[in-house]
């Protein structure tokens, strides 16, 4: 078969274990397609894919647009400037309008948690959450899972530490539950000010001291510090953050031999990672980006039922 | 045949009665195409369609872009931010530049009435007016006509009331003359402050009191109030406007049994229509949006002479 | 063969004489394609072309986008608003990210001289400089060369005067060395304030008085005055500039019989050229724009090795 048990990807919880492996397996095939000179499949010819990005984004929007075009879909971008939200149109009305234009698949990035759900309730299209507020970013989680699975062969028993602004991270919001579902153990590593008010409800272990666990981790996942919001940041300074939670030469030396560094990008060099540490991690960070296109192609393919044709490659 | 008697759609008056029915008939075929899984025809392969939108727009720009792509044209978007108008290039120079790039069809939205005409005088391309100032919006009129014809089977003898800011409405500017041409009777319904200075020159009857005619109308067409310009609005308040000209439960009850509500969207809920009335009208409002893509496909097809191939479906 | 000796077009100096003629010959074929009803070749199907324009532009960005689409490439636009540069991502990180998405060809316009070089050092993609700061704009030079060669049959012995803001012109930076390489003689014509500090290092002759050389020139190339920066302009007024360096009826009359006027566009009417002179020059200015699409198609085709298929037309 190959199809998923869900019609949408609103939250990572929409996928069960088998779904996740189906996405990752399919992405592996698309990754090979992307290495060809002619990176193009006719699979979604005549399908209308709309990328509605109501927050600025380069990587994610471009990644989705490339994914749609490589599958021969008609890809339409709608960005903040162009959006009718300037005329005060509600999200529900936007959903119904795009639905009336016979949109097949909508990718939405929005500053409000739950926006993708609203779209799914008001459209016939399949919906992919491209990041909603501080809530979830499930395609980021899937490309991270792809990367981890390729590196370790699976998830069972892996020790993953996720470091940084846990409280406001949509990356954490999708990645942590997925890793748990797949049998990895997840530890949130952050100062109290960057943990949610009730960290006991995180669904993951938590700890303040990175150095206490660093040597036991298989994956050290560094969340991005929102430098552009540093004025309201709940820590004294970037330098202080880097000293306590940044990866530098010393900490690199204390990691397990096969442990990997991950980051959703773009990295703040000198904050989450020193310049030296970025160089060490570079190949894997770019592997994540590369996997992102393949994972998004896989999701579009599987949600739009491309499997019926059986014409993946 | 199927071709039109005009090379451009600058004003609705460019189309005669037969032209209008040709557009609507062709749109009906494309509407069926849009209901398929594979919404794609090779008709305009290798044609260059430029969407030059110098006012913000979601619905209309997206509708045209989808239309062009479903016909396999190469669709290029040019928006205010990207536009060379920041370098002070005149509209004439923009026209000649795009012409030199062998543009086949230009869709233009511009805040100045007459901008599409200027383009048509300086380009070999076919021009479609996507809305020019307070002047005309002929593709909106055509999708409205499509909707009305599908509902009533024709136009002869229909009583249409158009309610709201008649003086500044490009929707009225295109729809009213078209309806008259097709044999419907049109009444402009607005306070004196929202009628032009010489309403006797409107080419339509006019009246201030909606309730006086409501029970006789087959179509109640509500123009959009520009809430974002409410500070200079020539009426006391939105609440006052809604009380006198908005459709609410009471007025719904006094409409003819088969009468329909129309609106060009997006609706200001609680102003032109109460939340309840929107729900009553919703299906038809979305039918208008849906018809919009099909009508725009039909225009592109007919203007670019796709009929020569006879390969519509 | 047909291929070029370079993998990138960062500077005009990347091309030798034979390369330049190969580009112009290939562009001539594409110019014919662009005159067809169906302006489309399958040559770059499945290739990913990214247009990264970090300065506002209409003509150049649209020209590249049309070129890519007519060759059937998947064309992705990235503009300032959408760009992750708002998140402080470095150019190097942007390069590596786009590389990881398997971009085949990147067109970059950037306000910093050397930005295209940085991209070429950090990507596997072919890079085309779409204009970098005050440094170079090699595709503009190539379309100018195309225009000159079509008009004069060659370059040997031609006398070319380039008039205006030599010091800050990326157009001059690419065009002057190319013309010299091809055997033309180039004179920079400008007041001392618009010449570089050491005009003796220009690689071209220079002179302050247009009228002294006007009657000897085969090509009078007028650079664009940046009116939007007029407040810091190093000359007293636009009127003064127009009087000394603008082409008017009198100067038109003193040009050689077969001499041509060229301008990269958009023209400031009344400054570089009077309204009357623009009309005289109009056909050629638009010929330049037209050649621009063909030249960009040729570059994409040649850099991406389309010649291997031998399926140009």
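Letters A, B and C mark the chains as written, and numbering starts fresh at 1 in each.
Basically, a contact is a pair of C-beta atoms (placed from the backbone, for glycine too) under 8 Å apart; a residue touches a chain by one contact, two chains touch by 3 or more.
Remember, it's a predicted structure, so these values are computed and weren't measured experimentally.
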Is the contact between copies chain A and chain B built from the same residues on both sides or from different ones, judged by whether over half of the numbers are shared?
different
How much rotation, in degrees rounded to the nearest 5, is required to superimpose chain A onto chain C on the basis of Cα coordinates?
120
Could you grab the centroid distance between chain A and chain B? Build each centroid from C-alpha atoms only and quote it in angstrom.
40
Can you pull out the residues of chain A that are in contact with at least two other chains?
81
So, in the complex, the side of chain B touching chain C is made of residues 45-48, 50, 74, 76, 78, 81-90, 93-94, 96-102
Okay, in this complex, where on chain B does chain A touch?
34-40, 53, 56-59, 61-63, 65-66, 69-70, 79-81, 227-228, 265-269, 282, 286-287, 289-290, 292-293
